[in-house]
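Both of the next two complexes hold subunit A, though its partner changes from subunit B to subunit C.
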Partner chain A sequence: MSLLSVEGLKVTYGLRNPVYAVRGVSFEIFEEEFVGLVGESGCGKSTLGFAIARLERPPARIAGGRVVLDGRDWTAMSERELRPHRWKDVSVVLQSGMNALNPVMTIEAQFRDVMVQHTDWSEPAIRQRALEVLDMVHIDRDILFRYPHELSGGMKQRVVIAMAFLLHPKLIILDEPTTALDMVVQREIMDNLMELRGREKFSLLFISHDLGLVLEISDRVLIMYAGQIVEENRAENLLEYGLHPYTQALMRSLPVPGSDAREFHGLRGSPPNLRQMPKGCAFAPRCDLVTAECHEVEPDLEDINGAKVRCHVVGKEVRVRGSEPSIG
Partner chain B sequence: MGRSLLSVENLTKRYPSRSSSEGEVVAVDRVSFELHRGEVVALIGESGSGKSTIAKILTGVEQLTSGRVLWEDGAVASKAPRLLRQRIQMVFQDPFSSLNPVNTVGYTLMRPVMNYQRCNGAEAERRVKELLDQVQLSPASLYFNKRPFELSGGQRQRVVIARALAAKPQVIVADEPVSMLDVSVRAEILRLLRSVMGQQGVQAMLYITHDLATAEILADRVLVLYKGRIVEHGTAKSILRRPMHPYTRLLLESIPNPRARRGNRVPVSLRGENREGELRLTGCLFAPRCPLAHDRCWREVPPLEARSDEGYVACFNASQSLVQTGAVTARDSGA
Partner chain C sequence: MNHGRRALFGVTSGESERDGSCMKYFLKRVLLLIATLWVAITLNFLIPRMMPGNPGQAVIAKFAGEGHPLTPSALKAIDAMLGLSHASLPVQYWQYLGEVVHLNFGVSYSYFPYTVTELIAKALPWTLGLVGVSTVISFFVGTGLGVLVAWRRNQATDGILTSIAAFTGAFPYFWFALAAVYVLGFLLNWFPLSGGYEVGAIPHLSWGFILDVIHHAILPAVTVVVSSIGGWLIGMRNNMINTLGEDYVLLARAKGLSNRWIATMYAARNAILPNITGFGMALGFVVAGSLLTEVVFGYPGMGNLLYNAVINEDYPLMQGIFLVIVFCVIMANFLVDLLYVFIDPRVRERRGSGA
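And now, the complex of A and B:
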């Protein structure tokens, strides 16, 4: 059974003339699975992450669909009902989460706050767990008594990740956890996450605009464009052969050291304005494979060889060729 | 490669330290390099490596403590701020904060055009539109009246590049121009920066970044900085293919590379961050993180020496272990 099941989730901004930032997203995350969510700025990936953890705040609103986490329908629960499950069922590390630390509290006080509010653990147990999570992210134990401003950006980010593990959550959502950091620090944090995978039981939703980073860590990847999932595929398949033209374009935009710079291309154009969505496929205006049908009919997310893709052209191509595409 | 347009000689910048016991912080320590006509030079390093301090000194925002910055015609940069602004322009990291949100794109670009190209009215407007075309914001008339909030990150960065070009500078200093942008638009901005070389009088570029992968795409030569000192210097190609300094290797290994995922990728072994206020070191500043460090590294500062046709490196160990066995990582040979 899946740990998280998102079913037809819709999130809007504004009441009178709502903009659909998330337009009917469905996917699952299984126990101890690492899933990546990739897309450009404004595609709705952070909004989706917020909504899954029910952290959306006005003007954002869930306008349809369900989020079922560990058998409970989070979309049907009140804030009071959700409260005992926060940090335990799901914990979230936000983009620039390191700035979410309270500047006038020591790290210890902030850790304690989470544990006192959400558990009935004894004082020694609380202290023990605080030390454990710091060890997990390889930070000296003595930083517990420091204030955030005494730590570097990379250390703060690791403190925030450590904090997310405090109550042994089943699902951790990381939204661009390394974007503001140097390459080397990013590498250390990524290695650290892989290492934690062997020690703690948790599922991960890793949100980023950097497909390269996501592919490194994820088992399965969701590609999001203009509020919808356009491809869902296993990471090893994507490395060989991204199905959707958008996925392929993202792959081409990754600067891989030592590769030919001429093969390195950005995407032309910009994502569509969500207030004026084009008829048909949202990616059509930027797509190299576009046909007349693409401008008229919105494609569905279809199953193809165990993956899912939302594209008229690629969908047909692969079906005609049968199970042949060069996967693996 | 042409003549040297700008020479940086023994550039040093010290800041007074907050705690008096430590004396002062050496942000840039005797850095020398030349910027030739027609080339892009990348300055690479982590936070605290001194790369942005060098940019600030070159653009006149900060004053150097010692050393000098000399232009081809003998002008000393630090003594003529007006001349500096004309010759050197900056592209900033964050296009969300480097553009005034209440001004239109047209207004933002008109001011430097009128100021530095000494023209007015219709002529200035024509030149602004020319600039917009050049940075591929077309049709120019559409973008002329837009405000920053109506533009995407990539489009804003194009405006910032146009603003730098408006002064008709000889040198552009681009400080992390793509690190705030989506990976998907980085390629096009880097291409644009490459393409502005030779246009509007731009003759050379300094590209400041922590990302070796993008440096390979944009730069001809690469200088690797660690805590204010140059530790390696060479062509972009040679540094990416055969990095000699253990720190350069660390930077290279840190680049996300999905093709070398999991089992294949060598985990970063050189732990420890670039921390401020560390104990004073008499030897190599990288020694505390270096798996190859031995007694001499802690005692003496390794000089920057030519180690191959293409490169210079400041490391006592670079000559044998790293150069000859290109495939062996710092970790393998050290641990």
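And now, the complex of A and C:
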């Protein structure tokens, strides 16, 4: 059984004339699986991440679907019912670790309150766990009694990651954890996460706009476009080829290690206005493979060779050939 | 990776570093305090002396205007009576500094032969009691309600309380006070119309007198609280709504902490900082009394004293009162600065070791 099962989740902004930021998303995360969620700014990936942890803030609202985490339907539970499960079942790391720490509390106090809230650990056990998680992210134990403003940006982000591990959560949602950091610190944090995978048992939802980063850390990748999953595929397959034209465009924008190619290909146009969605496929106006059907009928997310893709053209092509497509 | 090998808590070095910057911060504040006081005292000396004429001549002119011309020899007597000096400015300044240190602000013109110090000493306790207590009540209740309505923003509590706060905050104070006196004092006769205690009573420590004082203070205190509480409430509400949008509050929710803990330690604790500065200022200005309150209610405090000093052109009294107000405002700011060290850890670094 899967650890997390998202079923037809819809998130809207605003009550009158709502904008659908997440339009019927379904996927699963299994135990100890690392799943990446990739998309460009405004595609709804962060909204989706927050909604899964039931942290959506007004005017955002869950308008339909379910989030089942460890057998419990989080969308059907009240805030009071959710509270005992928060941080134990799912913890989050926010995009800006800089602002995720309370400026007037020491790191120790911010570690302690969550442990006091959810456990009956003794004082020494609480202290012990605080030191353990700091060791896990390779930060000096000294900083435990420091205030956030006394730490660098990279250290703060590590502290936030350490905090996410305090209660041995089943799932950790990382929302752009390295976006605000420089490349060197980003590298260290990614290596650190890979290392932690061997030490702790947890599943990961890694949200980022950086496909390269996501491919590196994930077992499975979800590509999101205009509030929908357009492709779900294993990371190693994606490294070979992307099925959806949008995925392919994203892949073409990545530098290829070892090649001399200095030309990267961007994607023409811009994402659709969520207030005025095109009738057919949301990606059709920017797609190179577009057909008449694409402008009329919205494609479904279909199973193809163990992957899932939301495309009329690629879907048919693969079905007709009945074998793996060759991209030339 | 030598993290494990480090001493369990190498925090001592960090702590002593922090103590050092605290000390520096404190010394800086004290020096600034002394400098500000000196400037204030000096200005208080200079400004009246830059005016044309002198108080002795003013008295002569007043008598002449009333048809009682005085001989120039009387000028000397008047100067002696008022303690005026014709020495050079630096000499006067030195004498003045000596007098200020001994809290001797001279003789009041309008309440002659009372000294300014005596008058202020008599008025100050009344004002501290009335305006001080109402300012403290107003701050705590207003700020507390601000936290509450921000937490329940866009709900009924918020709508009702915030509207009331905006309404009472915008009231013309004198109108409100006069209406209170008229309705509750004059028509309903629930409270005395004016004064700090029953006419003819002699201030002394007894339950009867204390109850009498409280009875007289309720109406002015309520008007002060009602007119100032809205500002605290709305200020706190706005700050708090800003902090509620911060990532650390979102993370606190994700951590599954109790609402009470999030509202106080995460949101209010950060939102209250500007309100504390405002509170320090307000406490400093308490000694100025609430001029309108004390005039409307005939309260024997500093506001009334200042009012009388101004209409009687009693310069020594005005100067004395201004000096006391300036001193208290500066001291209050100093204390708030020190308090910040405890409530905002960022201040220690930024102001202590930085610029």
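Rule of thumb we're sticking to: the second predicted complex is superposed on the first by the 317 of 328 C-alpha atoms of A that agree within 3 Å, B and C clash if a C-alpha of one lies under 4 Å from a C-alpha of the other, contacts with A are read in each partner's own complex, and residues count from 1 in each chain.
By our rule, a residue touches a chain if its C-beta (ideal position, glycine included) is under 8 Å from a C-beta of that chain, and two chains touch if they have at least 3 such contacts.
Keep in mind that this is a model prediction, so the values were computed, not measured.
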For the combined arrangement obtained by superposing on subunit A, do subunit B and subunit C clash, or do they fit? fit
For A:103, decide between first (touching subunit B), second (touching subunit C), both and neither. second
Between subunit B and subunit C, what opening angle does the Cα centre of subunit A see in the overlaid model, nearest 10 degrees? 70
Just checking: does A:278 make contact with subunit B only, subunit C only, both, or neither of them? Give me first, second, both or neither. neither
Mind working out whether A:18 is in touch with subunit B, subunit C, both or neither, as first, second, both or neither? neither
Using the superposition on chain A described above, determine whether A:65 touches subunit B (first), subunit C (second), both, or neither. neither
So, does A:82 touch the first partner subunit B, the second partner subunit C, both, or neither? second
What is the contact status of A:53 with respect to subunit B (first) and subunit C (second): first, second, both, or neither? second
Taking the superposition as given, does A:249 touch the first partner, subunit B, the second, subunit C, both, or neither? first
Should A:138 be classified as contacting the first partner (subunit B), the second (subunit C), both, or neither? both
After the superposition, pull out the minimum Cα separation from subunit B to subunit C in whole angstrom, please. 5
Going through subunit A, the residues touched by subunit B and also by subunit C turn out to be 138
Subunit C to subunit A touching residues, read off their complex: 1, 3-4, 6, 8-11, 13-15, 246-248, 250-258, 261, 265-266, 269-270, 343-346, 349
For the subunit B and subunit A complex, residues of the former touching the latter: 46-47, 152-155, 182-189, 191, 210-214, 216-217, 240-241, 250-259, 261-262, 265, 267-268, 270-271, 273-275
So in the complex, which bits of subunit A are touching subunit C? 53, 55, 57, 82-88, 91-92, 94, 96, 99-106, 113-114, 117-118, 131, 134-135, 138-142, 144-147, 149-150, 160
Please output the residues of subunit A touching subunit B within their complex, sorted ascending. 40-42, 138, 152-155, 182-188, 190-191, 194, 209-213, 215-216, 235, 239, 249-250, 253-258, 261, 264-268, 270
